[in-house]
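Across the two complexes that follow, chain A remains constant while its partner is chain B and subsequently chain C.
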Partner chain A sequence: MNNEFTEMLRPFLKFAGNGEISEESRLRDLGLDSMREIELLFAIEDTFGVAVPDDKLVDSTFATAGGLWDVVEELRAPVGGGTR
Partner chain B sequence: MPEPTPAPSDDLAAAVGGALAGVDLADARAVWRALGTKGITAALYPRAGTGPPQPDPRSLAVLLAELDARCPLGVTLSVCVQVATVLPLLAEPSGPADRARTGLLHGETVVALAVTDAAGSGSDLLDATTWAKLGEGSFTVDGHKQWITNATTCDAALVLVRHREPRHFTSFCWLLVPMSAPGVTVEPAGRAFAGSGVGHLKFDGVVLDNDALVGRPGRALAGFARQVGVERLAGALWARAMCRRLLADLRDWLRQRPAAGGTLWDRPAIRERYARCLVALHQLDALCTPLLDSTDAPAAAAGMLLKVTAAEAVDRITAEAVQLRGADAFRDGGEAALRTEAAMFGIAGGATGAMLAGIADHADELVGSRS
Partner chain C sequence: MTAASRYDAAVETVVGVAAAHAQATDSAAAFPTDALAAMRSTQLLGLLVPATDGGPGGTLTDLVDVTEALGRVDMSVAMIFAMHCQQVAAIAAYGAEKLRAEVLPAVARGELYLGSVTTEPGKGGHLLTSESGLERAGEMLRVDRQAPIVTGGPHADAFLITTRAPEAGSATQVDLVYAARDQLEIEVTGGWQPLGMRATHSVPMRLRGAVPQWQVIGEHGGFRDIATAVFAPLAHIGWAAAWLGAAAGAYSRVLRHARSEAGRRQFAPSSELVLLRLAEIRIRLDAAHALLRHTVSVVESASDMSASPVQLLLNTLKIRAAEESFAAVHELVELVGLRHGYLTDSPLLVERTFRDLRSASLNYGNDRLRLANGALTLRDPGVRLA
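After this line comes the complex of A and B, so read on.
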């Protein structure tokens, strides 16, 4: 995950404080509720210039920081590999 | 069918007055028809811009102030929800939604927004249990929506339905349900909000073609969350107009009401109470004014701040209008009756308690960092 992504994520995680956000971090455990997930979706789409497709609009996409980053990376670089 | 020719925005107030001349102002459908046929509704939506056409905030403010000055609260509510929320959500390139939108702009069609579910709190839509099950090229809808504005008068309802099991924002979609579809029943909600057509909708095995789907599946709550910012701005602009009207009427009344050789307006205690109302009105105005020239919907925190401020201003000002007028407030069409219905500013579209919880979630953004 790059720093831009984790810092974009942090304001949505009310229990994260200044602690580490790892790929395994479970976003709901860190305070992300479903209505805030909507705002996070908008933030991701605006920040990274992507549109999350229908098949990725499922609850599992928002389960962990790493899982969400994988979706962002896939949408940003559909033919190449991402960096983690 | 071409869209009606928009009325010039600088003449909008006069155009609204002209359109409503001779119209039964207690009949929401008649008011809606007049606004549509005279191009008032179309005038709210500038042609330029990307995304769903959104109402111009200044035009919206003029329309709502003119309606508030003339119509019962329920009639203004009927118009407000359609111009601020329903019309933008129906922006589709073709199909039933596009046809309904054209009918709305002409004032020929009324569409209800059916969100609040009988199975859950209106402030927590994730508990909704109105379901749409996908079959062979069709949806089957079952469920119950409550306290829906325009329910008893609409031609169709834009219904928020669950299409997936997880309690998550991606589990919902919009369906446009004709009221004539077999299995749709409506029950009036009672005498409150006269003119609004508020009622309860029941869907019992309602079968719809796939083209009843509006927007992308899984995006309904996200789209609604973005649109609700416009709805909250509309509510705040309406509240501002109502508060101004009440305070102007109250000032004039207090200045004429004899009291101990002078008038009530001369009494310091009354002037202080009135001044606190002015403070509340100007707090609301200060939040509304910067948004009047914005082309974007208010962000989530701004929308919630608007909603709470509007609700609290209406609550304070209607309460003072009743208390300061005393028995006079209970005349037909007086402030006492309005106060009862205007309490909806703190309930409909998100209760104040839920808004405050959401505002707290934005504390870092709203407070900023220590300098």
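After this line comes the complex of A and C, so read on.
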């Protein structure tokens, strides 16, 4: 996870305070709810220039910071050399 | 109509007992102890206990069939039954071996009626948070929980209680804990004097006690997953069945009356107004019923219950079944008029059903679910209809 990502996450996690956000951090436990999740999704798409496909929009995608980062990384990596 | 099932005899017995006492329990806002005794003796309480745990292994469809049948004579009894089954399903799906062995065979034998403690002062019915902590005390976990509404609380043999997980950093880390009545000190802290659903006897309570670690269902902080996979689906499906049953029961009584000699004089079946109203009510019930059965089939085959299309459908079921069932009985009141639609002593029981069903949109608020669905729609821009 890079710093840009964790600092983007922080405002959506009302219980995170200034504490460390690690790969294992459970986003729900830190205050991410279904309403904030949508705003976080928009922030991810704007910040990293990715479009999260519908089938990734399940609870498991938003379970941990590291898991969500993996999804972002996967989407950023050019697949088959193509760009969108 | 549903096919004859192995539970028909049990259902018929409970329906008979519930019908015989419904007026008295409604009038006194008293728990239907006779109907509960019948649910114990017929072992209907064990419906959802898997065969491997000593039960009949009833399915979601069985739950809908039975709840709807009970709802036709007494919506309170149907709600009590459906909510008990929701607790059983949670233990069956997430309980550790020791807890399953302790609880499920006893449920199957009719010995345990399980209550649910999810409401909390300040948060209303919000399911996924809890402010009351579970605290470690040596090997035990100490519970001290206030709940403003506990359906059947004074009569439950054990409870599933949501609490904040031990050492939780936030109110969203919620545990689901099993506690038997004799592990708790139970204080009823107020009364129950509602408009409808009076026989659910849903009093405010304070529960204090301590339970061993193995009585935590799933892992610490794991209630959210249980809610997604079992608790919310069974609540919405069970409630919808109770509401639809209640509306169908009232509608059926009105139709039978309308076809009787006395009724034909009163209702003029050739009147187009009467026919239009009768048709409208049936359309509502058929639509809600179709949605209910479809939702059951989606839940039974869903690979990920957290997928937006599934969540949306489950919330839609709750919202729609509440609205259609209440609208149906509201129109019945209009159709049958003051004597049979407004007076408590009418044998058609439309008035009681109307009061009972007024609760449907409030029982986990429709508006709260609409907000959730609004957010969920944005998670599904492809509109993959489940």
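Just so we're on the same page, the second predicted complex is superposed on the first by the 77 of 84 C-alpha atoms of A that agree within 3 Å, B and C clash if a C-alpha of one lies under 4 Å from a C-alpha of the other, contacts with A are read in each partner's own complex, and residues count from 1 in each chain.
Quick note on the criterion: contacts are C-beta pairs under 8 Å (C-beta built on N, C-alpha and C of every residue); 3 or more make two chains touch, one makes a residue touch a chain.
Treat the numbers as computed from the prediction; the structure is a model and nothing was measured.
Touch criterion met: A:15 reaches chain C, while chain B stays clear of it.
Once the two complexes are laid over each other on the shared chain, residue contacts for A:34 go to chain B and to chain C alike. Shared-chain residue A:57: touches chain B and chain C both. Once chain A of one complex is fitted onto chain A of the other, the partner contacts of A:44 are absent, as it touches neither chain B nor chain C. By the touch criterion defined above, A:75 reaches neither chain B nor chain C. Touched by chain B in one complex and by chain C in the other are residues 14, 34-35, 37-38, 41, 54, 57-59 of chain A.
Those residues of chain C that touch chain A in the complex are listed here as 128, 168-170, 172-173, 221, 224-225, 228, 304, 306-308, 371-372, 375-376, 378-382, 384. By the touch criterion given at the top, residues 126, 164, 166-171, 216-219, 221-222, 225-226, 300, 358, 361, 364-365 of chain B touch chain A in their complex.
Chain contact summary for the complex, chain A toward chain C: residues 14-15, 26, 28-31, 33-35, 37-38, 41, 54, 57-60.
Chain A contributes residues 11, 14, 34-39, 41-42, 54, 57-59, 61-62 to its touches with chain B in the complex.
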